[in-house]
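By written order: A, B, C and D. Residues from 1 in each chain.
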Amino acid sequence: MEIINRLESEVRGYVRSFPKVFTHAKANRMTTEDGAEYLDFFSGAGALNYGHNDEVMKKALVDYIASDGVTHGLDMATEAKQHFLKTFEDVIMKPRGMDYKIQFPGPTGTNAVEAALKVARKAKGRDRVLFFTNAYHGMTLGALAVTGNASKRGGAGVNMPGAIPQPYSGYFGEGRDTADDLEMLLNNSSSGLEKPAAIILETVQGEGGINVADFDWLKKIEKLCRDHDMLLIVDDIQAGVGRTGPFFSFEPAGISPDIITVSKSLSGYGLPLAITMIKPEYDVWAPGEHNGTFRGNNHAFVTASAALEHYWRDDKLEKAVLRASDRIKERLGGIISKTGFKAEVRGRGFFIGIDCEQAELADEIAAECFKHHLILETAGADDNVIKVMPPLISPDADIEKGLDTLETAIHTVLEQHGLLTNAA
Amino acid sequence: MEIINRLESEVRGYVRSFPKVFTHAKANRMTTEDGAEYLDFFSGAGALNYGHNDEVMKKALVDYIASDGVTHGLDMATEAKQHFLKTFEDVIMKPRGMDYKIQFPGPTGTNAVEAALKVARKAKGRDRVLFFTNAYHGMTLGALAVTGNASKRGGAGVNMPGAIPQPYSGYFGEGRDTADDLEMLLNNSSSGLEKPAAIILETVQGEGGINVADFDWLKKIEKLCRDHDMLLIVDDIQAGVGRTGPFFSFEPAGISPDIITVSKSLSGYGLPLAITMIKPEYDVWAPGEHNGTFRGNNHAFVTASAALEHYWRDDKLEKAVLRASDRIKERLGGIISKTGFKAEVRGRGFFIGIDCEQAELADEIAAECFKHHLILETAGADDNVIKVMPPLISPDADIEKGLDTLETAIHTVLEQHGLLTNAA
Amino acid sequence: MEIINRLESEVRGYVRSFPKVFTHAKANRMTTEDGAEYLDFFSGAGALNYGHNDEVMKKALVDYIASDGVTHGLDMATEAKQHFLKTFEDVIMKPRGMDYKIQFPGPTGTNAVEAALKVARKAKGRDRVLFFTNAYHGMTLGALAVTGNASKRGGAGVNMPGAIPQPYSGYFGEGRDTADDLEMLLNNSSSGLEKPAAIILETVQGEGGINVADFDWLKKIEKLCRDHDMLLIVDDIQAGVGRTGPFFSFEPAGISPDIITVSKSLSGYGLPLAITMIKPEYDVWAPGEHNGTFRGNNHAFVTASAALEHYWRDDKLEKAVLRASDRIKERLGGIISKTGFKAEVRGRGFFIGIDCEQAELADEIAAECFKHHLILETAGADDNVIKVMPPLISPDADIEKGLDTLETAIHTVLEQHGLLTNAA
Amino acid sequence: MEIINRLESEVRGYVRSFPKVFTHAKANRMTTEDGAEYLDFFSGAGALNYGHNDEVMKKALVDYIASDGVTHGLDMATEAKQHFLKTFEDVIMKPRGMDYKIQFPGPTGTNAVEAALKVARKAKGRDRVLFFTNAYHGMTLGALAVTGNASKRGGAGVNMPGAIPQPYSGYFGEGRDTADDLEMLLNNSSSGLEKPAAIILETVQGEGGINVADFDWLKKIEKLCRDHDMLLIVDDIQAGVGRTGPFFSFEPAGISPDIITVSKSLSGYGLPLAITMIKPEYDVWAPGEHNGTFRGNNHAFVTASAALEHYWRDDKLEKAVLRASDRIKERLGGIISKTGFKAEVRGRGFFIGIDCEQAELADEIAAECFKHHLILETAGADDNVIKVMPPLISPDADIEKGLDTLETAIHTVLEQHGLLTNAA
């Protein structure tokens, strides 16, 4: 660890929360240099929905490398890329009746968001994009502009024009529909809100603290976009690829985004890959107008194709996730009521949060879990929400084991704070 | 190819110049689905300085994958990452007397630039950054702001504040030192040029058309940075990792940048990896202030470590490149004078350009080369410069063979345009 | 009129609504070149609260000119300026227990706003300023940035950073306190709302359509400013100088703004004059940091001093205005109920609006009034509000006469539209 | 003076250089409260080209006031305004073959510049405007964006996008034509210089230190504007209305600006007035798109018409100014050579500067002059230039008298600094 503390920039983060050196990983477990095993309720912040080093993808990848398949190809045509496109069309788009052009904007989520914002602005000829409180869309300047977190925004050190925050679904609590408020502002030519090219949103806000948008609210926002000639961009980077159950998080809401960003678990194996899906009528790019050296990561194409084939030809994974999700939420609800913990459980699929209100508690519970070999992280404006995000392929027994550890950690921390009010 | 034309966004570029489906690649050759072999004078736009699928790195990578080494780790500590840091320190930094903190800002060049700009602005508390005519630093909004190309800038669709263009080394021709002009503007409190936090530059501009900065000019710019309390950022993404001969392109100029961005060939194998090197006194990041899902690409750490070990423990590669570079430039000079081609050859190492002045000629020559199985691309404000960028490990015979093809192509195209004036 | 149509820019406005050439004006009447007399319910958009060519001020001004008193003095010290400062202190500030520094920022309201925004940003070291829906603060770029009207904003043709719109008092109707919403956003570090240096507001929005802020809301906004280290700027350019009754419109709300802008009727005689009042602790200007050729308009100092002496040594004017205001509102209410006009009457003092909902009706009623020699204008997002703004010194009989004309006009227009539902 | 020191904002400036209370003024003299007379070589920073309280204008003004002529009329039609437009057309535009629309953008120079920038951006649909080193165009945010002075820019406290500084005529000294440099940048699509809507310039920079543009350079800039579809805006606020001899300062350069801003001495009497002259094809304003309470200052119309009638029906004033200018420059040259003062004299008409290089000297010389009852000010990036700007109507004897005072002051200050090298 010495070399990391000595050489790596102060910006490093997770290594502070999880101060161990990891060497190997398999499925829902990670192993340290001294052989200790950790249960994973973190999933690489959503990049490892299928767990670590999945055997099927691993085989495909090693075969590809061994055969000297093209590794790096910018956006030249390669067999691996064609195969990925074909698989994505067959397995994902066709069954859902989707018609999108696929852009490879660079291999990270923030690249996908940058491309989405650029093409939306170009398509509509306007520079504003509306985003929501507690949103997180990435760290490059265009994506950061539509991210709510003040300390991350402060990192920009320069003005980020063209982005307008608005209250998210449920922001002001019950009985207030922030989509209706927004409609009123958009209908008023003197509101000071300049007409946006697009609205960008997450259906479940991950970094923002597992805030779940109402499906009705999503439909209203979609309608606002139609009525006011704005594009609807769904950033499905963290919520997508099965994290909430279905491949796309917005499917059960019945909306049809104009642009979709997908990354994180897209490659399946934790390799960098991202796409920006654009309805054909908005694919107004000139050739080369947006580019990037690693936009064609062929290793990732290989594993992504294998993942799609293996997990999304049928709805088994989706159904399993939804079933297990209910059990997890039920058990977490039980833990909270048993311990008298003033906390709220919310989420969809394996994208679940425990809002502890007091950030200090969330932080200590997560640390206590890690001490007992369970990896999970916190999120939210003040890091006040514990994120429960096991790999989708986690065996039920491991989930129960992880929840046992979490329950004990909550118990311990509440007791330390004298907050253990119920007869737990 | 049909699926790419049907499904991939209009933004696709190289596939239009190189309309073949590639399946395999080795060293300085790529092979298409129908078995045709192409000589590579392109090197993945600088990401494949060691050629394709290098055997040493390949073995290290396959072994790592086979052993279930951690693939994705965000910025958790992993063995692979520690090994990379140690190797980078031993092989690159120590021998050069360098003292930098390493940031993993996300696995692409544009991420590294974004992080460099952010931390420079934070360190100096100012928002302006000065960049140069014909500069290219990336496609995300912060990096795009310091990129000169008007059509790429236009893609932003939104104001990009905080960036000031200035004429690059030699921009106004002989007898004019643009560093002196800049000094005069900086010394004048009423020049309208707001004091920048930093200057960002490439020592050889790649996308801008292989423009080579004078070493004296670089030293003057460094001095200006010292005198005016600005940071000097060298973007060595395309010019670095041996492309000009030495590992860093700025070494022979004798300057010491405050921040350095490295990517493209850093992983050696064409895998996404980028670092931002920051002098310790400017590493003013708060933990997590900049982050990214793929900032710890362990596969890339493995190949990068192997590449550094293999190629940079001694100066053999550097010397070979410099020797071959002279031969290439000499031969190109000969071709030009033989054919009476009104063109200029310039560059350093294997980073060589033929400025054809007429963009049309450059385009046709590149196409003619591809027809004869030589891959090279054009660059420059109007795509008027042919880039000659073979992998550094290209055998002499292949270089000669490629130059033969190039010579024939020039001959053919000039003849078609009735421009073949000399007795060629 | 020919020369105006031929030579004056298309931007001209009022001459289109009031297409007559005026030659003379006295008190609350204007006279055209052909001798026709018009009753004034417009007051120069608030710049003529004491009516036209008041005899007391006129005498003071003519005497000053005749004696060759300094006319133009930039910000040199002149007797006239000293006299104005002393009078303003004695008559306005001392009796109200006010302690402010006076800046002469240039002789127009928009100059006063620009200076207020600059000094607030400097004092707090932040660049954002929060403004409200339907706000109007001026047409120069800094002031335009905090103005809500989309078509006026569109005139900028360039990004106007640093301004954030929020819903005004009562914007979402009954039962919703927009100050509470704002507090929630300010308390949430991930709301995307960057911490402002200041909040700027009108207590009654003039151009925005005579929207009246609740006093409780104003107090809450003041408290938010204190709690969040922001300055409170009250733009009293149109609502001040007695237009709502008291000299400053915010007096009855019991708030103490950090910065106040005053212009329009300040000179009393319709001459250009503006001041920015700044609490001493925020007067952080460097000498000359903001300047302007006409910031010391001595003719205006002379008339302003006379106006203050004559009208504000006691509370007679204020009381008269408040009394007459009740009568006007009562009568307007009667007209509306009699005619079945779906309209709302609102306002304070002689700053009253009739919101016709349908812009077309407001426009036609104003035109009908002008046809019958009553001058009044419309305001609001869609010019849907008729502004009733007689000079404060209007005799009761003239007010009744003007209201008679207005009543007839409403009757006529409603009848033409078949909207005259009651037995009027 | 006590009340000014106590009540007026720290921003006050001239009162610090000229710490006396002035009461009366006539022609080229100002009188203090204790009866002391000062010779005026300052002319209200260019607002008093005809001196103080000119008798002809005074009579016209007093008569107008006495007759209850309309004082304040926004942009309603008034007799006084029509008369001004007609006089301006007859006396100024027709004899020069000019065809412009006149906008009354608010009564100050900065308002005129804001309107010019807005309409230029709208006409061209682009947001950038190019301005020059050492430029000064005003203090409101749009005008400040195109002003060079760093401390004034710093007052903004917020990003001012859309403005690009370039080196002014002669900025880099002999043998360098900055218009040629600019042409090269504009022709290069990868220069990073985004295509501007317009170029704004002063033909002689006043606040920037009396920098005189070459006429050839002005012609080249005009040609660049035509070639690159940009508008040419000449800000003639300080240099116009005869200050350099002809009514417009650009007349002898033979250029035809698309937009001209005029203010300062336009009213003749020191009253606030400004116009923006726009070629009809660029008068693309929508009605009311830019407005302002004091845009129709009828008192100023009256004096402006009188001034135009009296001084510009023939070329006597212009010729007298040009003749006297030569004498002043000759004499200043003599003083400099006599005293061995390392200074440069430059300027046109009565717009003359002595660049002292050392700001300290300029400051002390101006103070010494004031001590001996001569009012003049300094300008330039470091206030290093003494401005010699007598009213155009100054009798020769008074000019000589002022120059005597100035000579003595120079002598005294140089002596105090031990810089009096010649046998003076």
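Methods note: a contact is a pair of C-beta atoms (placed from the backbone, for glycine too) under 8 Å apart; a residue touches a chain by one contact, two chains touch by 3 or more.
None of the values given here were measured: they were computed from a predicted structure.
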| item | value |
| --- | --- |
| For subunit D, the least number of touch steps when starting out from subunit B | 1 |
| Equivalent interface positions on subunit C and subunit D, same or different at half | same |
| Fitting subunit B to subunit C on CA atoms, where both chains share a sequence, rotation angle to nearest 5 degrees | 180 |
| Pair from A-B, A-C or C-D with over half of its contact pairs in common with B-D | A-C |
| Chain of greatest Cα-centre distance to subunit D | A |
| Centroid distance [mean C-alpha coordinates] between subunit D and subunit A, Å | 58 |
| Computed distance of Cα centres, subunit B from subunit A, in Å | 31 |
| For subunit C, residues that touch 2 or more chains besides their own | 127, 151, 159, 161-162 |
| Complex interface listing, subunit A residues touching subunit B | 1, 3-4, 7-16, 18-26, 30, 33, 44-48, 52-53, 58, 61-62, 65-79, 81-82, 85-86, 89, 101-111, 114-115, 117-118, 120-122, 127, 138-143, 145, 151-152, 154-162, 197, 237, 263-264, 269-272, 276, 278, 283-294, 297, 299 |
| Subunit B-touching residues of subunit D, taken from the complex the two chains share | 127, 131-135, 146-151, 153, 159, 161-163, 165, 167, 171-172, 176, 181, 184-185, 188-195, 208-209, 380-382 |
